[in-house]
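The next part holds the structures, each set out as structure tokens.
In the two assemblies presented below, chain A is common to both, partnered first by chain B and then by chain C.
Let's turn to the complex of A and B:
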């Protein structure tokens, strides 16, 4: 039993890392702009399909698709912003409807271009078992868990130390006051979307490297990212990692100790329980978004 | 969306509605079925001078409500019968709509037995759970399996098949441990770890879809449970899986009506093969084969009804009930509930990038590799 639980904790930890990578972009845009980008999962998926194309057409390791994917996904992200940025009133609600529509369009575009077949990497290097003591995982899971940590630290540093990062926080805190300080809110928001696109790119390549993709999974990714973002508390970037890991471990333990059929139920139960006790999420401060 | 064209049927033209998922979660299987339907129309039209089949296709977007709307729209456009349908939860309401309109609905896309046990008079199905279960039980019996872990999706069709399989195996004295999983699951390692450390079964049986098989096989490759065989059901022993996942498939078993490369001995099979390759420039697969058979049987029934002048007097359903002929998936004969009484699947095994039929004995195209695991 100990061996089972240890492996479950390890699998949950790695799974949490991948969830965090997927959720970061959504959390950034949600926290900085009050925009719930329901097309975020599709942006992740777009990157995953670019990784697939690079691997299948050029025979390269999917990791080498990152430069191409960065250009395409960031461009797509800018296009999404160019539509969402026009919303004048009720940003949270209207962005929900608008980005849902964009997500549907993206899903169908992916379906048209890449067909409905399921895809996954053929790279044996990425799929190879990585064994440390009693812990088993795929090499790609460990690699992208590390990438996830680097991304979170980088994003945290960017938001707290860089001029643009501070500008993003200033706009999210008080748009009018930020304007008076000489910050261009639209440009700052655009930067947020581009950074979210960068995060989605890495998440997509990671997803293709250890998971299975098909055109309809974008929606599932968005829902998972949204749950993590709310669970973490709006605006908390380190909280995203902790919430994602909690979710991953809760799911893995549910499979190990109860039934795998209850996995999704357990994550929703955790989500509701945390929100019931802490309505602002695990690390969300009251009135953070002024 | 147009198939071969839309419009009102001429006197010698038999208008058939095609309701399939071309987008949404079932797009891949729906598209595969649609290919077979198109090939059936092509083959039928080339072989028949008296009657011509004209297809109108509507994408049901993998949604039950859209499936109903599609059937109703097809009927309003003059369709005399419906072929297509994928997913029992989509087929059931669509078949009800067809039944209310007095239209025959024929499918191979749903294995839930409630489809044929709900009293629909114009519903016909050419495959069923019993046929898949028979093949799985046959192979497991040949392997002399003493303990089996069943990993299955909680979706309706796989869950139904897994539960029936579990009951049948238990009745034979086999130790069975079942692991139902949520369709949204992405990491199968905790389940495979349970198989490895707790179940310690000889054989793993997977009942799900392509994405599930890839996830399970990957997890098994990492954790390496001490099993003798990894066996799946539909969508696994296919040329597509052999081509897309060459590293995961070696020695894996799955239901397969066709070996790969596909070989056809009958005239009907050769006609299907030639037309399929000409239209789609690729190897025919099982989805196309099922779509072809269900549609060809429908077209033939429609032609017979047209000859008798009973097309609009429930004649198509009557002719479908009279069907009793050898097809690409074996002998098809419908029972009073519209289900094909003779359906029985074969089992295939991925060997060297090909799919070899390994069960039943009379259909084998090569020797079984057992024990056979993909690592």
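Let's turn to the complex of A and C:
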């Protein structure tokens, strides 16, 4: 039994890495523009389907789809930004409905292009077992956990050290003051959407490499990303990672100890619990470092 | 000057009265058309009637969604929860307790209200937090419906749910009979919505829309009012779901809590103008019929893509609905002449 639980903790940790990658894109846009991009999960899914196409048509490892996926997903993300930027009044409510609509478009476009079938990778290299001491996982899970950690550290560095990253943070904390300092807020918002697109690309390729995809999971991904953002509290990158791991572990434990049908229930329950007990999230108050 | 103002006032009052008389006349004419005209013309055509029933079901949800959005200022992505809970409550009450169908349908609304009571803590949240928390509830209810097999039949669903009854020589389980029932339900909702909007609650709610803080300062309990709107909206949506369950006689969790019950009503309400009462209903009929008759014929699977495009287009170009856009254009033309 202990072994099972330890294994669940390990799987949850690895899963959490990928969740963090999905959530960071959403959190970044939310932080910089105060817009929840409800189409973010669909962007991740789009990247996953590009990985599928590269694998099934060219026979390459899905990892090599990243350059193509980067171009397509970032372009899609920029399109989302340009539409959201056109909203004039009631931005909070209208941007929600708008990105929801974009999500519907993307889901159905994916359905039209790739059909409703469930897909997963055929690469045996990715699916091979990877053993660390007593723990088992697929090679892809460990690989993309490492990739996530690198991306997260990179994002943290970018936001805290680079000029553009600091501009994004400046705009998110005070748009007018940032303008006075010579920062073009529209440009930094565009940059944050592009970075969100890059994160979504890697998350999508990871998703395809270790899991199964079908057109309707985009919505679930968005909801999970939002749950993690809320758990973490706005503006904390380490918080997002910890919250994502927490969610991954909660789900893995539910599957091990109860049933896989209740997996989604556990994440929803966690979400509501945190919302009601700590509306600022686990790290929202103190961890405002970006 | 004073006299002038009075005369003006008098004239405008008279104009108002004639306008009112005119609009009463239009309403009566419309009622006659939808209650007698539609069944007489299309009554024999089961296909058309079933389309109209489905469109009115969407209209009921769209109206309840718009009520929460307009009066309560809350966007919900979780109305599938109320629809599904209402459907299951009514179906189970009529099947297990033997309640007559026409009593079970309002009980479906009560079930949805109870479900919304669990959601009341969500009212503390704003904007996206509210929208997604309510979505989380919808997922929880769907999982409950799937897992609580003894009550709901699990993922296999409930079959042979009692039909709508036969009364006064009219078979309400027929397409035309069902049409009359859902039409009545939706019109009663619309009337109720109108009364709420006209009452001082409506005034307070409209004031809240401008500035919630200012409204609280003058002593309006805004959380209570928003809570009431959530309950009313849940009731309407639950009754609609209950009607639908008895109309199609079959329920399964993935159908009852489907995301479709969120997408199409939102598109319909935004299309028709969610700040008006007639907008969501008209929008539902138009959007649903166009979707089924035109888009579905062109793209059999994935035709919701067009709905998404419609939604995006409306929000970008005319967030207050097509009727509003038309009104603006007419006004501009008037001003020009």
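Keep this in mind: the second predicted complex is superposed on the first by the 282 of 290 C-alpha atoms of A that agree within 3 Å, B and C clash if a C-alpha of one lies under 4 Å from a C-alpha of the other, contacts with A are read in each partner's own complex, and residues count from 1 in each chain.
One rule holds in what follows: a residue touches a chain if its C-beta (ideal position, glycine included) is under 8 Å from a C-beta of that chain, and two chains touch if they have at least 3 such contacts.
Being a predicted model, the structure only gives us computed values, none of them experimental.
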item: Superposed partners chain B and chain C on chain A - clash or fit; value: clash
item: Touching partner for A:252 - first (chain B), second (chain C), both, neither; value: first
item: Which of chain B and chain C A:58 touches, first, second, both or neither; value: neither
item: Which superposed partner A:153 touches (first chain B, second chain C, both, neither); value: neither
item: First, second, both or neither for A:177, with chain B first and chain C second; value: neither
item: Partner chain(s) touched by A:108 [first = chain B, second = chain C, both, neither]; value: both
item: First, second, both or neither for A:120, with chain B first and chain C second; value: first
item: First (chain B), second (chain C), both or neither touched by A:75; value: neither
item: Touching partner for A:264 - first (chain B), second (chain C), both, neither; value: both
item: Chain B versus chain C as contact partner of A:3, first or second or both or neither; value: first
item: Chain B collision site on chain C, chosen from 5-13, 23-31, 203-211 or 293-301, when both complexes are overlaid on chain A; value: 293-301
item: Contact residues of chain A, present in both the chain B and the chain C interface; value: 108, 111, 116, 261-262, 264-265
item: Touching residues on chain B, where the partner in the complex is chain A; value: 23-25, 27-28, 31, 154, 179-182, 184-187, 189-191, 193-194, 197-198, 210-211, 214-215, 218, 221-224, 240, 244-247
item: Chain C residues touching chain A - in the complex, by the definition given at the top; value: 69, 73, 75, 77, 121-122, 124-125, 127-129, 131-133, 135-137, 139-140, 143, 146-147, 259, 263, 266-267, 270, 299, 301-305, 307-312, 315-316, 319
item: List of chain A residues in touch with chain B within their complex; value: 3-4, 7-8, 11, 15, 108, 111, 115-120, 122, 124, 127, 129, 136-138, 211-212, 214-216, 220, 251-252, 255-256, 259-265
item: Parts of chain A lying in touch with chain C, wherever the complex brings them together; value: 30, 36, 83, 86-87, 89-90, 92-94, 96-98, 100-109, 111-112, 116, 219, 223, 226-227, 230, 261-262, 264-265, 268-269, 271-272, 275-276, 279
